[in-house]
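Each of the two complexes below includes chain A, the first together with chain B, the second together with chain C.
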Partner chain A sequence: MNAPFAPTRISPLFDEQAPHAAKWTQVETMQSVAAYGSADAARVPLAGIGDLSFRRRAGVKGPGAAAWLNALGIATPERPNSYLRLDDGTLVLRMGNTEFLVEDVAGGSRAATMLATAPSAGVYPVPRYDAALVITGRNAIELTRQTCAFDFASLSPSAQALVMTSMVGVGVTAIALDGADGTYFRLWCDGTYGGYLWATLVEVAADLGGGAVGLDALGRVAQQ
Partner chain B sequence: MRLPAMPDEWLDRSRTVRFRFEGRAFEGVAGDSIASALWAAGQRTQGRSFKYHRVRGILSAANHDVNVMVQDGQKLNTRGDVVAVREGMDLTAVNTFGGLAKDRARHLGMFARFLPVGFYYKAFHNKRLFPMWERVFRRITGLGVVDFSTPHIRTAKRYDFCDVLVIGAGPSGLSAALSAADAGARVVICDENARAGGSGLYQLGGDAVRRQHTRSLLDKVKAHANIRLLEGTYAGAYYADQWVPLIDADKMTKMRAKAVIVASGAFEQPAVFRNNDLPGVMNGSAMQRLIYRYAVKPAGNAVVLAANADGYRVALDLIAAGASVAAVLDMRASVPPSAQADALRAKGVEILAGHAVYEAHADGKGELAGITACRIDGSGRVVSGSQRRIACDGLAMSTGWAPAANLLYQAGTKMRFDELLQQFVPDQLPEGVFACGRVNGVFKLESRIADGQRAGLAAAAHAGHGSAAQVDVPPETESPSHAWPIVAHPDGKNFVDFDEDLQVKDFENAVQEGYDNIELLKRFSTVGMGPSQGKHSNMTALRILARLTGKSPQQVGTTTARPFFHPVPLSHLAGRGFSPQRHSPLHGRHAALGAVFMQAGAWERPEYYAVEGKSRIDCIREEARRVRTAVALIDVGTLGKLEIRGPQAAEFLNRCYTGRYDNMKVGATRYAVMCDESGVLSDEGVVARIAEDVFYFTTTSSGAATVYRELSRLNIEWKLDCGLINLTGSYSAMNLAGPASRKVLAQLTDMDLSSAAFPYLAVRSGSVAGIPVRMMRVGFVGEWGYEIHVPAEYGPTLWDALMKAGEGAGIGPFGVEAQRLLRLEKGHLIVSQDTDGLTNPFEVGMDWAVKLDKPFFTGKRSLQIVKKMPLKRKLVGFRLAENYSGEVPKECHLIIENGDIAGRVTSISWSPHVGRYIGLAFVLPSMTEPGTPFSIRITDGSMVAAEVCSTPFFDPKDERQKEIE
Partner chain C sequence: MKLMTCPMNGTRPISEFAYWGEIRPAPDADTCTDEQWADYVFNRNGAPGVKKEWWCHTPSNTWFIAERDTEKDKVLRTYLHGEDK
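Let's turn to the complex of A and B:
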């Protein structure tokens, strides 16, 4: 027997996004929202909430994790709770002494390499199908202040710090990145909580002149 | 009367504001408070007191005038003394029966002797009269009328951060903020008033130059890049680690600071004498606020009751505002020399040392028309025959202060009573908390500014900026507060607490009845329990108690200061609610199929799928029928899904679960029971051996987080060579069950699904619809089926593929309720439904799953002991009579044997496939034999006959799991 159709990846945020989506696209075989409407572009510089779940990612933990990643050519941050952005845009997050998350940019292959490589001793692969969000705009800090007890203003992109905190009651991993239009934040959370996190952030962002934005408006932020 | 423009007035004179109060039309100026606009219009009576319904006017003009609270449409208990008047407001006083002027309860004061302190406690002593009193009290108490149609107001609830938070933007606070900011700290300074500056802009003593100190500080603060000034924002409380909720008109902000400076100042305290509550009698600072903030002349002809330098400044401010001052009565034995006293004398104002107000007199409207002054001796007693009447329409009281130390108390500050100052001052401040200004016992303007500098530098240093420095703060040379600002009167009505109409004699009576401890006195007399929370009464009550018991104020101590410092709108406290919901990756599919969701912990799960024209129970039974006769699909993605990897993974599981896992073959699954240290059954699931060193296992949906947390802890403690991974949110899982399940699945996979290649209780990895899967052949619902686990992002795609492939076989979804029924037919228990917090595995027939021959597992030692003891109960199957048609017992209904409780029902349902009501129940060990009859007592007390029977109820030989083709 043959599979009747090729498998499509579905974003953990799909159910929340579908009723509002105006234009769809497929990135990395994931059905993703290209645009919610003409307001997307205006939301980005204020408080844009975007979905980057399409990016492929893989996790690994264990005492041998760092060495294993290095052997695959993936550099790792020196200290826990920090991240590296590799030359090709790959993000390498170190969430603890021995736990890492690697996220490809579109077209990247490091996650696939990790999944295809047998773990060595003391290496425990961690499948990652997170909801992956981005928050853009000058009201991003205010958005986080209405949703999280952690001071996102202290997350300097230059320090490459990572924080694991609770946002609207959902556990998230967060970092700040420098973009062409200023600092933006990336968030990852358990996909089963993703819909709630997304809907709540979009609701608060709307009070700040922002809201959901599709990949078209995110532009380089989505691609980098 | 409105005065010419004042230099720092809050008014926008270009805008007139029209509003109504008690049905009458008034005009104010934009920026006016409700009270100032009314006062300017000659409306001195602005409310009624709580207990005796006496007329009341402005007392503090500082947000504590609870007798001037008004209803503003749907907003009740609006503080008239500070809330800005708005165009079109239609206001009523909150505590009247029939309006302010003709309040039907205005004569209650005549019955005061029947309403002694604590009378309501005593009223309730009589059980027979309790309902009557309850009705009476409910009718006559309560402020304002709640409109239940008031819309839900969603407010933002936000967090904020700074290095130094300064609470209070008076001279000391402004000075502190500047010093801290100059040292490099990020400073936030808040003030509850609409505009910053505090007393520095209204306690002038007729000297406009005096305001320049504060004006200069304020200008610098506003211009400083490191300072954020939040006006109209009060600090509601203090919580651990410099966590302070800031309340403004729109929202609550949870401010986390590295250091907090409390520069909250002091509350001016009313003096106590007969009729000290008449409209026209007010604190001196209230008069100054009226003059300088609202440009309102408080009185035409005033008397000032003083006991400190502030009183003299009040007199000079009144004169500057065009009022005449008939006399300054100074309660102190002598008047300290001062420029203010000299200035008053030069203006011909009579200053009477050692004098007080014996009583105030009302005019026909109940408002102040004059006072009787008297001489007092060194103990505060009235000198007989010294009384003298003075006509006046305003009386300013400037006899003392109480520190606004609520937040300092909440922070854990140890306070001491300073005899010179007659005030509690901070003795030991907690780390990271600083105090300056009046709350710190520093009163002179120049000293307050210096004290602010000191505190600002110290707070900045604590936050990591600059270093603390020695700043000289000159000591106070005279007391700002009188030790006994109280004048006795045989006819009473000398009020201590204006919220609750408590008089001096109420305290005397309370102490006489034995309530001679400050906390007891508070609860019995209710002093400080009104809306102002004792800001004007606690210190005086404390002085009275100290004198009555022969103690010092230090010995008497203060009552506990609890959050919030000031009433906070419930909408602010509620804010925007966050209640995280957890949705399976298939949630949207369920919704599209008409699922009726139920809450299961954080999850929303399909209880059943609604079909138009069918009842809930019919839908559930149809779903169950489909599983038994065709094929159906259920989302089981809420199960906890864990993986353990490493050479010692099997050893880890052996220790965690009661069974044995080191002897499992790769590709096999095994039921797993977990106990806690006391041998209580805490969770269950299925363990699948994926590889020699890889196990994939499930937990109950509700136990997933707890089990992962506990196993992570044990993994760290045991230091075994293995790693634990939580895949609960990463994997989607669904159970394809029913006689046609294999046929449906075969359309989507090349995997060998034959019984030989994929037997019951096996686990296989492969691909279905091109999606990588892990599949287990398990039979929770008692049918041939496959529990399919896939990466979460492929879950919906696989669900769609299975539903499409199953169309010809009549596939449909089934929900949690159908699954519960199906598993009950198989006699499978649900942990936490059919077990409780005391259930051990032997009580539920799981002896086979407990391998006591293992060296160790969690709970083993307890279970060894338990096994040697006789069982107290046992879970059995039962059924009702074949044609039973009465009321059906419910879960938790008791089983009664010889009049005693013999157990309880844990599960019960009608089984279409058995044709009877079936269930599980705990019964006494003597009742477990199949066929044993017993009775279930249902809600109405009647008994329902049942009998024990063996389980499974359906397919007892597991024929459904055997090869059928």
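Let's turn to the complex of A and C:
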């Protein structure tokens, strides 16, 4: 592997990824794996496990959270357990009745705006230290069947449903998104469990022709 | 597979839930006797029957109430606190 940078942010998956990484990059000041090897591109259409932890995110909860976000120009989903993808690619996740997670795309500033704005009455910031994963490929459903009791086939991108469930024993938030190459899944979990979740999913994905993929091979999925 | 229905997240395997015991209103610590307080702290009702219990859907940390027949281990209904109608 090439020499690591001196990053100001480190992915929660770093310790698991470092022995396998072939090429590093720095996105949003987080050292991230650009490539694991020449097999990355072939893994993406089968069962690719990518790390999007570099994306900036912020959370709020409380009875005033939706109105506070709206005042910042961030639209919120109307239904509990659903999400919105804004025009600039920002994901707004509504988890339960009054809790929200906002995740920027690379270069976005909505999370920074939230963190810099004083919460009003009934708004409580939720620190986020998530490991953020993406599962791509036509075998992604099979991978979820082996690792989770929830049926991911029921997660339709058009319904914009969000599910909080348990995957290999780790509590995860999951959504399905439409990409240029088909549906893919996003997962968020507590960062301290991220390494275990990532390593386990990569091991299962390897049986399905996939495995870990770097940001270079993810291409637009990483940028959307 | 045993299933439980979370009022927010729907029906899921029981492995996604944690059981936190029967709802037991505490006696007023300022006015109750020592015996009443000791009974509240140390004793639990083990008699089978329909009980209201605290459950938590752990991936979402959703706390809710389940009315469960502990004799038949059958969940009669579940709802969020304050939504008992």
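Here is the rule we go by: the second predicted complex is superposed on the first by the 217 of 224 C-alpha atoms of A that agree within 3 Å, B and C clash if a C-alpha of one lies under 4 Å from a C-alpha of the other, contacts with A are read in each partner's own complex, and residues count from 1 in each chain.
The working rule: a contact is a pair of C-beta atoms (placed from the backbone, for glycine too) under 8 Å apart; a residue touches a chain by one contact, two chains touch by 3 or more.
Just so it is clear, the model here is predicted, and its values are computed rather than measured.
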First, second, both or neither for A:A18, with chain B first and chain C second: first
Contacts of A:A149 with chain B and chain C, given as first, second, both or neither: both
Touching partner for A:K61 - first (chain B), second (chain C), both, neither: first
Which superposed partner A:R9 touches (first chain B, second chain C, both, neither): first
Which superposed partner A:G96 touches (first chain B, second chain C, both, neither): second
Which of chain B and chain C A:A106 touches, first, second, both or neither: neither
Touching both chain C and chain B, counted on chain A across the two superposed complexes: 149-150
Chain C - residues contacting chain A, complex: 1, 8-9, 12-13, 15-16, 57-60, 62
Partner chain C, residues of chain A touching it in the complex: 80-81, 95-97, 149-150, 163-166, 171-173
Interfacial residue positions of chain A with respect to chain B in the complex: 1, 3-12, 14-15, 18, 30, 53, 61-62, 119, 122, 124-129, 142, 145-151, 153-154, 168-170, 190-193, 195-197, 200, 204, 207
Footprint of chain A on chain B - complex, ascending: 156-161, 254, 256, 576, 578-585, 587-588, 591, 602-603, 637, 643, 645-646, 721, 723-725, 727-731, 746-750, 767-771, 791-798, 801, 804-805
